[in-house]
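What follows is a pair of complexes built around subunit A, which joins subunit B in one and subunit C in the other.
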Partner chain A sequence: MLDVLQNLGRVTLGFFQRLGRGHLFLLQIFATIPGVLLRPRLVLTQLYAVGVLTLLIILVSGLFVGMVMGLQGYNTLVDFGAEDSLGVMVALSLVRELGPVVAALLFAGRAGSALTAEIGLMKATEQLSGMEMMAVDPIQRVVAPRFLAAFISLPLLAVIFSAIGVYGGYFVGVDLLGVDDGAFWAQMQDKVDLRGDVYNGVIKSVVFGFVAGWIALFEGYDAVPTAAGVSRATTRTVVHTSLAVLGLDFVLTALMFGE
Partner chain B sequence: MTEPVVQIRGLQFAHGERMIFDGIDLDIAPGRVTAIMGPSGTGKTTLLKLIGGQLRPLSGSIRVYGEEVTQLSRKGLYQLRKCMGMLFQSGALLTDINVFENVAYPMREHTRLPKALIRDLVLMKLQAVGLRGASTLMPSELSGGMARRVALARAIALDPSMVMYDEPFTGQDPISMGILVKLIRELNDALGMTSIVVSHDVRETAAIADYIYLLSQGKVIEHGKPEALRDSSLEWSRQFLEGRPDGPAAFHYPAPDFRDDLLRGGQSK
Partner chain C sequence: MNNRTVEIGVGLFVALGIAALFMLAMQVSNLGTFVSADDSYLLEAGFENIGGLKVRSPVTVSGVRVGRVAAIDYDDEAFEAVVTLRIKSSYDGFPEDTSASIFTAGLLGEQYIALEPGGSMDNLADGDRLQLTQSALVMEQIIGQFLYSTSAAKSGE
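Coming up: the complex of A and B.
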């Protein structure tokens, strides 16, 4: 019984210590951001590694998600003779939910895990210590540019995901299944609100970008500097980011669309 | 006597429950090669990290160039580190840039020198360690000895007044080892630096050191010039310097009685 209590205490304490370290880490990142902005090249390089290299998986997934929605939506709507609303259905689902959420999940798998592994390995091979001893702040030089890159690229990727998804839905609904072209776009234009739907979707993905970058970089920076430690940290990045994104999505949705 | 570059007084440091240093006093004199020796796990690397301010001690004072490292702000610490070089055991080269860029890295970060001048300086540093011809190689293409020499070139890139070497000879073949021994001594004398060499390679280290500190179990066991230590009256120092397997430093890690342990059979501890 005592053992159980002891373990519970240790786990709880460990959790709060990590939470504290995570927040201090975030503050350190914030403190170095002005310095990083003076050297935009550092951020640009990372934008390529984090954002551009994730583009392919976003494009392919977006297209297929849109196509599936076109197909499923059509099959349901046609029973009610409402297939003209297919455009609205596809666009709203993508812009409000699927775009930001699925893009963030893919981002965690593709870019987040890579960031954690990279930082974790740099720690394990003493590259971060080496920088510190060269009087170069690794948070400013290595971490902050990657954080900014994640923060900037995820909203853009989410927008691209939604756009290509809408095209996927259009392709299946209009080109293959014969929904009226004009109705598809006209209803979408009428029912999708720029402020209420598009902006809110973008806000979601900005929040997700912030969280995904923070978790991935912290896990790498806080990883136990061994092979097993880095591997655990990488797994944790994907799991924690996914859970955080899904949880936050509910909270944000409730705040934005709840009555 | 001239002011020591590093002055450590009453240093205490613990890793979790384990006491690593328990009241260490140590002086590093300027312009000399000082060796800090002791068995593996004595915390020699930890000592370098404490001097560099990467770790904070439980108590005690560490003064480097008159500055109290334990109380310096982050900014002050980074300022102080600009006059320190450190050679890591692993080399700690940045793996995604080549040899040239690795050596140029501290110069690009801390100076606004024109490109052409940086190029010349990097080539001079690489020439000093005999690797000018390897400037376009990536760290993954280097042998262990070469990587450590590149790291050495990087450590002296900003002409530091003090260089710390963390186990520079470990895992090196005899030729690389000979090169490193020669380099450390020559760089120290030619550039007028202060060198701290942490090592347990007795022969090589004793050959170039002006002064040696012997550490074990959290204490300074003895210190003095190499020749004085060789004739030490302490049995432990002689065991360590002569490399005898058993003596005051026991061969066995503390364990329960061997016979009891075997007879206990399959029972877990």
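Coming up: the complex of A and C.
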């Protein structure tokens, strides 16, 4: 009986300790950001690894998500004689929800897991301790540039995802299924609001970029420094980032579009 | 992988992101069709009932969109809704006796204001008020009138 209670207590304390370490880690990152901005080349290299190399999967999935939405939306809307609204449907769902969320999920799988594995392995091979020995702050040198890169690239990726998805929907709806070209764009422009829809989507992806970068780097930095520990940390990154993105998306949607 | 590749890649990535945002702003959202305050003028119209009309609803003449609803207020002295219309200044030749009606696009579509030019020689200017207006048709009223007239017809037999 006491053992059960002790286990419960240990799990709870462990959870809160991790949470506290995570927030302290975030504060450490914030403190080192001014120093990183003096050496933008570090961020640039990471932008390439985190953003540019994720571009391909974002482009391909954005195109296909848009095409599928065009196809499914057309089949449903044509029953009501409302196929002219296809553009609105595709654009609103992409800009408001699918762009930021799917881009963040893909980002967690492609870039977040790589960040965790990289940092975790650096820790396991004692490269981080080595830096500390040389009086180089590993958070400033290794972690903060990656955090900034994630924070910058996810909004860009989400916007690219939405834009290419709209063209995917256009290709299927207008070129293949024969929706009127003018009605597709005109209804879309009529119903999609720049501030209410496009900007709120960008704000969402900024928040997701922050969270995805934070979780991925913390999991790597906090990983048990063994092969199994790094593998567990990588898995946790993908799972936790996905859960956090989906949960936050609901909260943000309720705040933005709930009225 | 040398520095040049990295820099070109990042430059391409950022340029693509900005281009996508620009495309979303101009092509997808309503920024491109927005009537700016500079090249437009305002008209007012009083309606008994505006139905589901909203700010930013379109204003059309012969089906062509010439502007948008800029504001909707309630005048508690005349007991009517006052709708402010923002019309593009390239369409400034509406006669004084132009009438405004609230119509519905399709059976369940959104509501819009249709202007119908009259025959007067004088034109409307900025801030003028349209005198002839026709309110929105409210579905419940139509159904009520229909039920009333059929029951009256039956009892009259």
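Keep in mind that, in the parts below, the second predicted complex is superposed on the first by the 259 of 259 C-alpha atoms of A that agree within 3 Å, B and C clash if a C-alpha of one lies under 4 Å from a C-alpha of the other, contacts with A are read in each partner's own complex, and residues count from 1 in each chain.
Assume contacts are C-beta pairs under 8 Å (C-beta built on N, C-alpha and C of every residue); 3 or more make two chains touch, one makes a residue touch a chain.
Every value quoted in this text rests on a predicted model; they were computed, and no experiment measured them.
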Checklist entry - Clash or fit: subunit B and subunit C on subunit A? => result fit
Checklist entry - Of the two partner chains, subunit B (first) and subunit C (second), which one does A:I160 touch, if any: first, second, both, or neither? => result second
Next on the checklist: Touch test for A:V192: subunit B only (first), subunit C only (second), both, or neither?
Outcome noted: second
Checklist entry - Of the two partner chains, subunit B (first) and subunit C (second), which one does A:L5 touch, if any: first, second, both, or neither? => result neither
Checklist entry - So, does A:A91 touch the first partner subunit B, the second partner subunit C, both, or neither? => result second
Item to check | Touching partner for A:T45 - first (subunit B), second (subunit C), both, neither | outcome: second
Checklist entry - Between subunit B (first) and subunit C (second), which does A:V202 come into contact with in this model arrangement: first, second, both, or neither? => result second
Next on the checklist: On the chain A superposition, what angle, as a multiple of 10 degrees, is formed at subunit A by the C-alpha centres of subunit B and subunit C?
Outcome noted: 160
Checklist entry - Regarding the shared-chain residue A:E132, is it in contact with subunit B (first), subunit C (second), both, or neither? => result first
Checklist entry - Looking at subunit A, does subunit B or subunit C touch a larger number of its residues? => result C
Checklist entry - After the superposition, what is the least C-alpha distance between subunit B and subunit C in whole angstrom? => result 12
Next on the checklist: Considering only the defined contacts, which subunit B positions touch subunit A in the complex?
Outcome noted: 49, 52, 54, 78-79, 81-82, 84-86, 88-90, 92-95, 105-106, 109-110, 154
Checklist outcome for this item: The residues of subunit A that touch subunit B in their complex are 125-127, 129-130, 132-137, 141
Checklist entry - Which of the residues in subunit C end up touching subunit A in this complex? => result 6-7, 9-10, 12-14, 16-21, 23-25, 27-33, 58
Checklist entry - Which part of subunit A faces subunit C closely enough to touch in the complex? => result 44-45, 47-48, 51-52, 55, 91, 95, 153, 155-157, 159-160, 162-164, 166, 185, 188-194, 197-198, 202
